[in-house]
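Pasting the structures here.
Consider the two complexes below, in which subunit A is the common component and subunit B and subunit C are the respective partners.
On to the complex of A and B.
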């Protein structure tokens, strides 16, 4: 564990020294993401001009939800996205070779190697928005509750990661260029909606099979509504199974990996 | 020690006709083709030994190396490298093994070599003293001391290959797989790599499997060679024996007005054959010499003579 932390510190160091070289990229990314945040916040602000409650939430509660998924998005953008973007290319071109021979988890290496330093500012902004939405909340909140919310959002980031990986891993068999990433991007919007709006089979899909509703909506519901054990168990059970399934397909994928070569 | 028994590897791929029409057709019905990359090979290599693996493109060299390095799972058969099953990929095995591929990079492109090395030190948990000694020793023998702090992408191909070698050997591996380490290098860089490898082998005595298309590499480094043809070993023995195998043959190199050609002739028929050539052609030049190792290996690869 300590060794992996140490390795991650090196990843950070390398990424920052690399990012300093590309300043245009830096500013461009900041502008893009601030735009994305503003649009998301405004969207709900406009809705609340017409109604006092949405999916059972007031405006300030909704802002906690919006800032929560913005935070999850910012974390995964900074920590994971450029790694996952390249993963299908690496698999297809046979670039996993050197990762497989090292005495260190190849999944760790391939998922976390590139820390996107140019998104780092955005992560700070997202943390700011998140903190602001909590501080301006009119009800009493305990420190424990805040801690739980943060932990569940980190878990949400892991769910987001697993869903994305499950769309990428078919590349091992199909040798396509992106796997089902387009499906992921079009479904991903489900994470930006309160889970209460999903009914019937759609609810089953988004809370169990592609559990986007568990990324931010469930954690926020546990935070602003009374703590509800069944919801918590549901969240834990799906998260753990998703992780196990992802690892299973990763291992199966490596078995079929044929390493395109010279 | 490496032991390989009845190792087989099949690759299946889809056959697609060219063009859009072919693509559409392949959506509905797909023909799959199975290629036997390795057909039941056997091999035994002792600690400290270095062998040359020779074969044409696609003969199965790289497949064998990738299986032994644990990257690719075999279809069937057994292999044990120092007691480990390579494709189980235990950390203990991986800590003692190194793979260098002339066509793929392992050091980080955008970073100076030293940064990649520090990362490797952490990955392999190389003790400080050993790390310091190895960087010093390797940089010295490979003559790349001044290049360690330059971003790798700014280095020449030859310098980059030396950095790759350093990166792969920092943790003192006991088994080394070298897949075409001299590919694309100029003569002097090739020579430098060879000299280094020989010195390294002498000093650390690892098991080494080397593949190369340059016979110079093989001749200078490998007392024992394995020739692989279409997934099968057609020769496994000493390099010297290969030469002796065709010891009673001579080669005639002939140049006429129209063409240049070579004929292998048993020594006993030399006079007769030479005479015949002079009669049938307008000969400008004729040389009689022993077959070179290159010629012998090429003829084995072509005809697949299995020597006794």
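On to the complex of A and C.
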């Protein structure tokens, strides 16, 4: 564990020095993410001009939800996205060879090697928006509730990661350039809507098989509404199952992988 | 075979290189978008206890969100980096050898993508007409569909110019991907891709009329849905032409100020290139 932490510190150093070499790109990326946050907040602000409640939530509750998925997105963009973007290229070009022979977990290395320094600035902004939405919430909130929400959002980031990996891993078999990444990004919209809108079979899809509704909506519901053990167990069970499924396909993929030399 | 046919055939082969991925992604994206939008708006209409909001019934809202993802693809044509990638990879110089200018080449590749998405739009339209014929999806009759698609092509010309402007920044900046994504955000939000523009406050709607955004997505979609009349469409197309002239001027200016002087950047050929858009012939 200590070895992995030390390695991660090296990743951070390397990523920051690399980002500083491309300052214009660094600035553009920050502005881009700010725009993404603004558009998302504006979308719900406009809707609340026409309705007092959305999925049973008031505007201030909805802002907690919006800031939560923005936070998950920011964590993911900072820590994981750059790495996962390059994964299909590594698989197709045979670059995975270099990672397989290293004395560290290839999944760890390939998922966390690049830390996006420009997105880190946006992560700070996202944390600010999240904190603001909590501080401006008119109901009483306990520190325990806030801690639980943060932990569940970190878990949400892991769900997001697993879903993204499951859309990329078919590259091992199809050798396509991106796998189903575009489809994954489209599915992201399910994360950006309250889970209560999904009914019937669609609810089963988005809360079990493609659990995007569990990323931010479930944690916020546990935070805003009374704590509900079945919801918590559901969240835990799906998260663990998804992690196991992702690892299974990762290992199957590695077995299928034909290296550059073969 | 004419040169443009070669270029178009080449691009088509690229688009369909990974067929299963392509169709799964395409159908999956459409399905997800429409299902989530339907569930979301259903909840809003039900909770409000209304059948119409800002001129949209629930079925019209569904149709709106069905057309938008494909319409946006027609608009945005080729992927981000269609020019910048060549600048960064150094393949930009190949146009020195090609018997056509970079803008002619890129217009055809852009149009090939747009045409392919038109085919997808027609396919989805036919599927809905066949299988959901009892719903007001029938609102979209063939005449409206054709007018809307032509409108999208004119809009694609404007968006293409805006995209070229962004892509040309690659001659100076080390990465333009974020800028191109920003352009898409702007166009989607202020063009009515996220939410129908009638939901925005009146002052915002009036302000937007001074920009090209409402004519890029909202008006073509409303045309397909049969919600806009001839006068609105004509005015919209005219305004788009004014924007084309404006952006063309900016492209010219940028090329003059460009730090490189490559013969292939023959901006004089641009008006001729733009005539390739079928919508221009219609007008």
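The definition used in the following text is that the second predicted complex is superposed on the first by the 260 of 262 C-alpha atoms of A that agree within 3 Å, B and C clash if a C-alpha of one lies under 4 Å from a C-alpha of the other, contacts with A are read in each partner's own complex, and residues count from 1 in each chain.
Criterion: a residue touches a chain if its C-beta (ideal position, glycine included) is under 8 Å from a C-beta of that chain, and two chains touch if they have at least 3 such contacts.
From a predicted model like this one, the values you see are computed outputs, not experimental measurements.
J.: Based on the superposed arrangement around subunit A, label subunit B with subunit C as either clash or fit.
T.: fit
J.: Go through the superposed model and pick first if A:168 touches only subunit B, second if only subunit C, both, or neither.
T.: Neither partner.
J.: Name the contact category of A:255: first (subunit B only), second (subunit C only), both, or neither.
T.: It touches subunit B, and subunit C stays clear.
J.: State whether A:101 touches subunit B only (first), subunit C only (second), both chains, or neither.
T.: First partner only.
J.: Compare subunit B and subunit C by how many residues of subunit A each one touches, and report the one with more.
T.: C
J.: Given the touch rule stated above, what does A:6 touch, subunit B (first), subunit C (second), both, or neither?
T.: first
J.: Pick one for A:202: touches subunit B only (first), subunit C only (second), both, or neither.
T.: In the superposition, A:202 contacts subunit C only.
J.: Take the Cα centre of subunit A as the vertex and report the angle out to the centres of subunit B and subunit C, nearest 10 degrees.
T.: Approximately 90 degrees at the subunit A centre.
J.: Go through the superposed model and pick first if A:126 touches only subunit B, second if only subunit C, both, or neither.
T.: A:126: touches no partner chain.
J.: Contacts for A:18 in the overlay, against subunit B (first) and subunit C (second): which applies, first, second, both or neither?
T.: Touch status of A:18: first partner only.
J.: Between subunit B and subunit C, what is the shortest CA distance in the superposition, whole Å?
T.: Checking C-alpha atoms only, subunit B sits 5 Å from subunit C at its nearest point.
J.: Subunit A residues touched by both subunit B and subunit C?
T.: none
J.: Once bound in the complex, which stretches of subunit A touch subunit C?
T.: Residue positions touching the partner: 22, 24-25, 28-29, 31-32, 35-36, 39, 42-43, 46-47, 49-51, 53-55, 170, 174, 176-180, 182-183, 186-187, 189-190, 193, 196-199, 202.
J.: Could you list, by residue number, the parts of subunit B that touch subunit A in their complex?
T.: 11, 62, 66, 69-73, 89, 91-92, 94-95, 97-99, 101-106, 108, 110-111, 115, 118-119, 122-125, 179-180
J.: Within the complex, which stretch of subunit C touches subunit A?
T.: For this pair, the touching residues of subunit C are 18, 20-21, 24-25, 28-29, 32-33, 35-36, 39-40, 42-44, 47-48, 53-54, 69, 173-179, 181-182, 185-186, 188-189, 194-195, 199-201.
J.: Touching subunit B in the complex: which residues of subunit A?
T.: Result: residues 3, 6-7, 10, 14, 17-18, 94-98, 100-104, 255-259, 261-262 of subunit A touch subunit B.
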